[in-house]
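Chain naming follows the written order as A, B and C, and within any one chain the residues start at number 1.
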Amino acid sequence: MILQRTLTRLLTMIATLFGVAVVVFVVIRVAPGDPISMMLPPGASQADIDRLRALYGLDKSLVEQFVIWLTGVVHGDFGTSISLRQNVLGLVLGRLPATLELSIFALLIALAVGLPLAVLGARERGTAVEAGIDVANGVALSIPDFLWGLVLILLFGVLMPVFEISGRVSPQLDLPFTTNFYLFESIVRLRFDLTANLLGHMFMPALALALPLAAIIAQLLKQSLKELLTLDYMVLARVKGFSETQVILREGLKNAALPTLTLVGVQFTFLIGGTVIVERLFSYEGLGNMAIDAVVNRDLPLIQGIVLVFALLFVVINLVVDMAYALLNPRLRHG
Amino acid sequence: MVEARALPRRTNPRLWLAGGWLLVILLAAIFAPLVAPHDPLAQDLMLERLPPFWVTGAEPGYWLGTDSLGRDLLSRLIYGGRIAFAVAFAAAIAACLVGSALGLVAGYFGGWADRIVSRIVDIWMAFPPVLFAILLVAVLGTGLSSVIIAIAVIDWTRFCRVVRAEAMSQARMDYVENARIAGFGRLDIMLREVLPNVLPTIIALLSLEMGIAVIVEAILSFVNLSISTDDPTWGGMIAEGRLSIHQAWWVLVFPLIMLILTVLSFSQFGEGLKSRFDPVLR
Amino acid sequence: MSAPCLEIEGLSATLANGVRVLRSVSLTVEPGEVRALVGESGAGKSMIGKAVLGVLPPSIRVVEGRIALEGTELGKLAPRASRALIGARTALIPQDPLTALNPSRRIGPQMTDRLVKILGWDGTKADQRIRKLLDDVRIREPDRVLRSYPHELSGGMRQRVLIAAAFAAEPRLIVADEPTTALDVTVQKQILRLIVELQREHGTAILFVTHDLGVVAKISQKVTVLYAGKVVEQADTAALFASPQHPYTRALMAATPRYTDPMASLRPVDEAVLAGLSAEIATADRNWKPNARGSGHD
């Protein structure tokens, strides 16, 4: 049953990616405005325009262009960036690690803040502590990552300048890295001075991304814990003499984990979507920052490549969450 | 249970506070030429980066100070509210109409309609929304209508997903079956029996979406893609403030406060309206 | 002789996977008569009611048989015409009065909707009609009730409202789908009495779906006993209680304490009887083929 489910999900995933590819392609090309004239400085000659048009295959029909591009993509060839004159795949893979590290760090912060708050709120249900957590959650949730980023820049970049608010790593440092997973590699190479520098840069944007997610985790997990706590076996555990916190941690978390997992999966994709603007805000050299440059420079091949990579990331995360859910859920496992 | 719900209605401070704030800035935006102390576009390099009134060095009449071109911040905030509200109302209503209609049809009719709509929503959800918005505005060309179209094109799925799920659970209710037996048509039932039950949710979402639209407009202005760069927008002010943050913090702080209060108000106002409109909760 | 109010002949239905849920059910309801449809839960009683009213869930397919309202066969009509006929001639008294009323609409418009929008009455006439019926079901403050939302009324009040609404358009046939199951025991009796009273006054035929033999004895003239989607016995109510013919009927009665030994606690239906029935049904299923013409029901 899990196999069949996975297969269906895989097919849906491919269909979704195909749909994304079609939409980006159509949006970029059918919309008013000629991409070539946008690429060239004003006053370029007709010959220049035609030459460029042929170079990027824009003289062919839309369907032909799409087939050519898609064939390339299937073979791992995303084309050449117009503004950076480099292979799109290479550019994207060069930036992706920075965005992945930022997103995962943000996810860890969100879990580290959200989980304890949920347990605390469930234990102190009905008290002022819970009410306080609810208010904090409400505020954290309503304010999007973009605004949190600005607030953090003001608080910790200007008022109390303790964290870096620009870039991924101090530019004067010598980086001995062979991959672009700087943070990961700095830990593996035991260069903790670099780890600290990287984290110092990453903390502010990651926190901006993490706060709304932390609030969602705290709110939903608290709610499911509170519902679980009224069930008989929880009451039973309490009668057996376990403390409230023990009951929540031993019996509650295990059962509340599944719905939270599904939610965190979906929300994590939203968080990654948020990196686009947050990276811009903190001049963090990730995929999202490059994406905005690509749009501003009308770099069609690069835009297509980046959007497709984001979409791939999203559907893979959803697939993983879905499979994890199926594996962890005892009712589905034996069904 | 029913009796407990029928307790005297609590006055809802968040509804009034949030609604009050929104009303104030809406009125200020509408009557901007009367309210604003200065021309929001007037530059005066003699008056650049004046601090707000309580800081030494402030100039009387420039309550919140000026930016690096010597433009009055308070006037720019008031005029910026015009664009923020125009985008909020137009984009949110457009997204709401499209998304709710598709969600209602998909959820109530099911079958093929549902399959097609759900597939499209899946595809839309695989786009990073901010990047999608930036891309659309870049393609459509900057300007108020482009921003509105971009937000509506991206955010209709928010309405669609929620309304679809609600309509689906409504469609299984006995009163829907009763209306079938009585001989009402499907479209009739959808509008008369299902829609009123989904409406409180739609209203809450609509208000929430207005807040989101304000933010997206600010983001677009921030990356310099919204309206023309001269028009005062909160996002444009923030972009300017981000650059001069170490010289003049107030250029960033005031538009940021405006945005935060406005977004919070829209979401709280929506929640308040929802409980107000829901006969079961009322 | 005129056509029966409702005639079901050889009705069979299956789930999407081909499992049979109704097995050649035949029954008739004569004008003005109350026929009880009795069986355990899962026997398919409610499904028959839904089939008559044309609201079977999409997962269930009618594969053969015919349903006729006052001599008009529904399967032969276009869907629209069949809906119109069902709408004009029938009504439903539902099981759960809470979910059968739309929580976001006031009672008044919910009751008059059908009279005005479907039957084309004018507003005042519909209003008068509804008030008359609210009076019949002993609702003393019609103004307040008509302005209320469903959650502001008690379960018994809601069911009265639904009964009044069912009789309002003078249907020939009412399907009552376990109308008292969701109510308190004390309210149940009043509601039953109201249904019987209105039924006599209006001369409406009722197909009364229930699992409660006590209710059957109180209100019906005829009984159909159903087991696993199959009719096991049909008779006059009095005759059935006097001398049940089928072993399953006897077992069902034995399982209802007040008709035999009031001291005995609730007993399950005798297993040997069930085993025999199941074997019989299995044999029938093996030999059963849906006939080619009977599937034009949706």
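As a working rule, a contact is a pair of C-beta atoms (placed from the backbone, for glycine too) under 8 Å apart; a residue touches a chain by one contact, two chains touch by 3 or more.
Being a predicted model, the structure only gives us computed values, none of them experimental.
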Chain nearest the overall C-alpha centroid of the shown protein atoms: B
Centroid comparison with subunit B (C-alpha atoms), farthest chain: C
Leading chain pair when contacts are tallied as C-beta pairs: A-B
Distance between chain centroids, defined by C-alpha means - subunit A, subunit B (Å): 23
Centroid distance [mean C-alpha coordinates] between subunit C and subunit A, Å: 55
Whole-Å gap separating subunit B and subunit C, where each centre is the average of the chain's CA atoms: 50
Complex contacts: residues of subunit C adjacent to subunit B: 53-55, 83-84, 86-88, 90-92, 94-96, 99-105, 110, 113-114, 117-118, 149, 151-152, 154
Residues of subunit B that touch subunit C when the two form their complex: 2, 5-6, 173-175, 177-184, 188, 192-193, 196-197, 199-200, 278-280
Partner subunit B, residues of subunit A touching it in the complex: 12, 15-17, 19-20, 23-24, 27-28, 31-33, 138-139, 141-144, 146-147, 150-151, 153-154, 157-158, 269, 272-277, 280-281, 288, 291-292, 295-296, 298, 303, 306-307, 310-311, 314-315
Footprint of subunit A on subunit B - complex, ascending: 119-120, 122-123, 125-132, 134-136, 138-141, 211-212, 215, 218-219, 222-225, 238, 242, 245-246, 249, 252-253, 256, 259-260, 263-264, 267-268
